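Below, each structure is written out as structure tokens.
The following pair of complexes shares a single chain, chain A, combined with chain B in the former and chain C in the latter.
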Partner chain A sequence: MDLDRLRRDAAAVLRDGRAKMVIGFRDRAGDRVPAFITDPDGAGELVFDETCLANLAAYLRKAELKRFRPVAIVARPHVCRSLLLLAAEAQIQAADVLVLAVGDQEYHGVLDLAGAAALLNEKYAEIPHDPEVLKRIEEISALSPEERAAFWAEQFAKCTRCYACRAACPMCYCTRCIVEKNVPQWISTAAARHGNYAWNIIRAFHLAGRCTECGACEAACPQGIPLMLLNVSLARGVEEEFGVKAGYDAEAEPLVGSWSADDSEDFIR
Partner chain B sequence: MTQTEAKPTKAPDAFEPRIVAFVCNWCTYAGADLAGTSRIEYAANVRIIKLPCTGRIDPLFILKAFEGGADAVLVSGCHPGDCHYTSGNYHARRRWTLLRALLDFTGIDSRRLFFSWVSAAEGQKFADLIDDITTKVREAGPFDPANPARRQPWT
Partner chain C sequence: MKLIDANKLSDLASALAGAGYRVVAPIEDSGVVRLKEWTEGAAIRTDVIPVNSAKDFLFPPSEVIGHWDIDGDGFTPRDVRPDAPKTVLLAVRPCDAASLALLDTVFNWDYRDDFYNARRQAATVVPMVCTAADAQCFCTSVGGAPDAAASADAMLRSADGGAKFILEPLTDKGSALLGAAGDAVREGEATADPPAEVPRRFDVEAVTDWLSRNFESDLWVTLSLGCLGCGACAYACPTCHCFDMQDEATRRESVRLKNWDSCGFGLFTLHAGGHNPRPDQAARWRQRVMHKFAYIPERFNLLGCTGCGRCARLCGAGMSMSEVCQRIADETRKALTHAS
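Up next, the complex of A and B:
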């Protein structure tokens, strides 16, 4: 990948005022951490590789960053999809975002949201689900219901309710999350069995049709809960049932929240 | 003194499923009411919770029912096209499609989660439905107290 071009572009958009801030990745003792660059001379510290799993679109709605708009953001295809979803849900304005589009191997240059949508539909329309995750899903689906319950009981028991998964996700932008509502309290906040189950299920479900499978939540989980198993199984269901892949259209209606008279109902008696 | 012949009773420890039914006010609740006023007998295992519309049924309701010890949950509303609020049941249907698969994947299998359309005129259908579900859940047995969705008692 042409890292030099990425750095040059980042410096250029800052210098000519197309962006007031570039959000990308920098190196910190071997770790890849978010970099918030406002000075063109700082663009040289930008890096990008396959360990840059954080979804930087999650920073766009932070109140602290409002005064730095328009923001240029280093985005791989999954992150571009998140940006289009945020635009579709009226959370960001096209004028506030520039994309420094990073592809599988190459760097695609500076794009606006429309350009990012064109790039996605042209080059990355068929991003496959993670084959490793799909394999695990098949294995778990083949278990008996009791065994599945036991597997998830073990996984969710690890949850400490730190909500790192929520913080890592650009689509989890509610100012007041359902888990924080306590009159009535729907989800117990204790790190005990039923609250952990309800939290993890509802977190996944609230992302139905909105998850781009970027993997940031699972990467952020300090307990190693396989959240992508939930996300991908939902995303696959969304694709099979409704023929929708999230994040390819900045005008799309939300999947849950719209309906069609032709939706299948073979499970309803 | 003559002793009347004792009715055959169930063993005291026989499993009786607890079924929570979330129903809409306009169709299924009226259907259940019709079953009652028509004196149709059906299994007494169902606890009906009336909501304005199936569109009001949040997935959290279903989770909460299982958390509190329901052995099965039924969700029922107006037939497509008959929603009192025009499209609530269409919204609900889409949500259920996804939720059902997610819950099945995580250990609340589809032997415990039922969906139906019952109109205000279908008292018999409601009674038959409840009987059928009760039979099925009796076969499936009690909802495992160790299931991750069940409330964990304080220790």
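Up next, the complex of A and C:
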């Protein structure tokens, strides 16, 4: 990773006004935490490595940050996909963001959304699902329904309903989430079995066909709930059933939100 | 003095469980060390600061505080009593115990909370002196210490280079616990290990002073840039005590619940008419800091933060109470420099 070039580019986009803010990562006593840089001289504190799991595209929904647009975001391929998907879902405009694109090994430079799409399709068209997660999914799929229910009951029992998973996800941008629908209350907000099941399953399926498998939700969960088992399982299902991988085309109609007259199901016609 | 081999803490847990205590201790659970109810065979991890705090067992995430059976147009209330088994909070941290002064106060200030009080009275608090601290620990900046015994019924002190613990009772509850420990504890001599060195990271009086003059400040936006508005910090915090009341009903019964809530959420202050007096994370973080370092000191002469660092350790967005307080204390210092 050419960190010097990343820092130079970050300083350059701030200096020449292409971005009012760079959002990247800095070091805090060994932790990698988000950095918000408006002064070109501050770009030297940027770092990037494989522990930078937060998906910085989530900051695009933050009201206080709108006045800093256009904003340049340090983005690995999964995060680039989130940005394209946000554009496809009409949440951001191409002019709102620049991408400081980081890959597995290399730094790819400053890109606009079209450039990020080109990079993704050229170099990262086949991002494999996390093999460890796939293995766990196979193991859990092989269990009996009762054993599977017991596994998830144990996982969801840990949930305190802090919604760190939701906050970490760029695609969770609803101004009023289903758990905040309280006139009347749509689903139980108690950190107890019934509501925890409802919350975790609804969160996962609202991301079907929208999750780019960045892993930020699972990394953010203080309780260590294996959310990626649900996310990858659904993403794989969407891929198999609909041939769709989210976040490769900012012009594409989102899977949920589009329909086809040629659909094989009768009910939709 | 009373000693336990460091690798025999489970024997102590077992003896206490046998004597009728619910034993709550730091236990690893699928890669996360958390305070949870000890069961036979679970290894107690004293080397990691648990992700949750001891408050979970005094003020649980969700608690039924009322229950009614509904019959047509009528209803019959059920007698709902606190679920408050005799509990030992074993090998918690001094920063957990430090939070009890505030929780005891706030749950008995204008209204005596029977549910909190029943659990609190049933709890024996046995913190462990910290012999290691990490970059997020800041107890010494908020009046605490890695060997503070405030609100402790007994203390566990690491001794002989971590080979043993000294169990020292401090109250009647602590003596009763020692009595229940039986053979798990033996008489002997050992040398206590030095407590961790926790550097003082900011001057808390400078923070409170700045807060008194800066409700309106552009700095709040800067300080809160990272926050994405979840409740993880509040839920891990040993002193955060806000809750929401919810009624959940079917045609046959209705329960009233006391659920954790957090000022980090937009819904926390959203008015029925649609106005939100805290419209963004800048306003919500200001509340978080003000509550802990201005309002609680003003009202109760206590601090609302024990410097445990849990919030910063788990925040995926990199927010840190000690970092925010350092920045605020720096502002005061800058202002003083300009004035002189």
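One rule holds in what follows: the second predicted complex is superposed on the first by the 259 of 269 C-alpha atoms of A that agree within 3 Å, B and C clash if a C-alpha of one lies under 4 Å from a C-alpha of the other, contacts with A are read in each partner's own complex, and residues count from 1 in each chain.
Going forward, a residue touches a chain if its C-beta (ideal position, glycine included) is under 8 Å from a C-beta of that chain, and two chains touch if they have at least 3 such contacts.
Model, not experiment: these values are computed from the prediction.
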Chain B and chain C placed together on chain A: clash or fit? fit
Check: chain B-chain A-chain C angle from CA centres, nearest 10 degrees, reads 90
Q. For A:66, is the partner it touches chain B (first), chain C (second), both, or none of the two (neither)?
A. neither
In the overlay, answer first, second, both or neither for which of chain B and chain C A:58 touches. second
### Task
Examine A:191 and indicate which partner it touches, taking first as chain B and second as chain C; both and neither are also allowed.
second
A:162 contacts which: chain B (first), chain C (second), both, neither? second
Quiz item: Once the shared chain is lined up, is A:208 touching chain B (first), chain C (second), both, or neither of them?
Solution: first
In this superposition, the partner of chain A with more touched residues, chain B or chain C, is B
*asked:* Per the contact definition in the header, classify A:15: touching chain B only (first), chain C only (second), both, or neither.
replied: neither
- Figure out whether A:33 sits in contact with chain B (first) or chain C (second), or with both, or with neither. second
Overlay on A puts the nearest Cα atoms of chain B and chain C apart, in Å, by 6
Residue overlap on chain A between the chain B interface and the chain C interface 192
Contacts from chain A onto chain C in the complex sit at residues 28-31, 33-34, 36, 53-54, 58-59, 62-65, 158, 160-164, 166-168, 180, 182, 185, 188-192, 216, 219-220, 222-224
Counting only contacts in the complex, chain C reaches chain A at residues 29-32, 34, 51-52, 61-62, 135-136, 221, 224-226, 228-232, 234-236, 244, 246, 248, 257, 259-260, 262, 265-267, 279-282, 314, 316-318, 320, 323
Per the touch rule above, chain B residues touching chain A in the complex are 58-60, 63-64, 67, 80-81, 87, 90-91, 93-111, 114-117, 129, 144, 146-152
Listed in rising order, the residues of chain A that touch chain B in the complex are 137, 140-141, 145-146, 148-153, 156-157, 178, 186-187, 192-194, 196-198, 201-202, 204-205, 208-209, 229-230, 233-234, 237-238, 241-242, 255-261, 263-265, 267-269
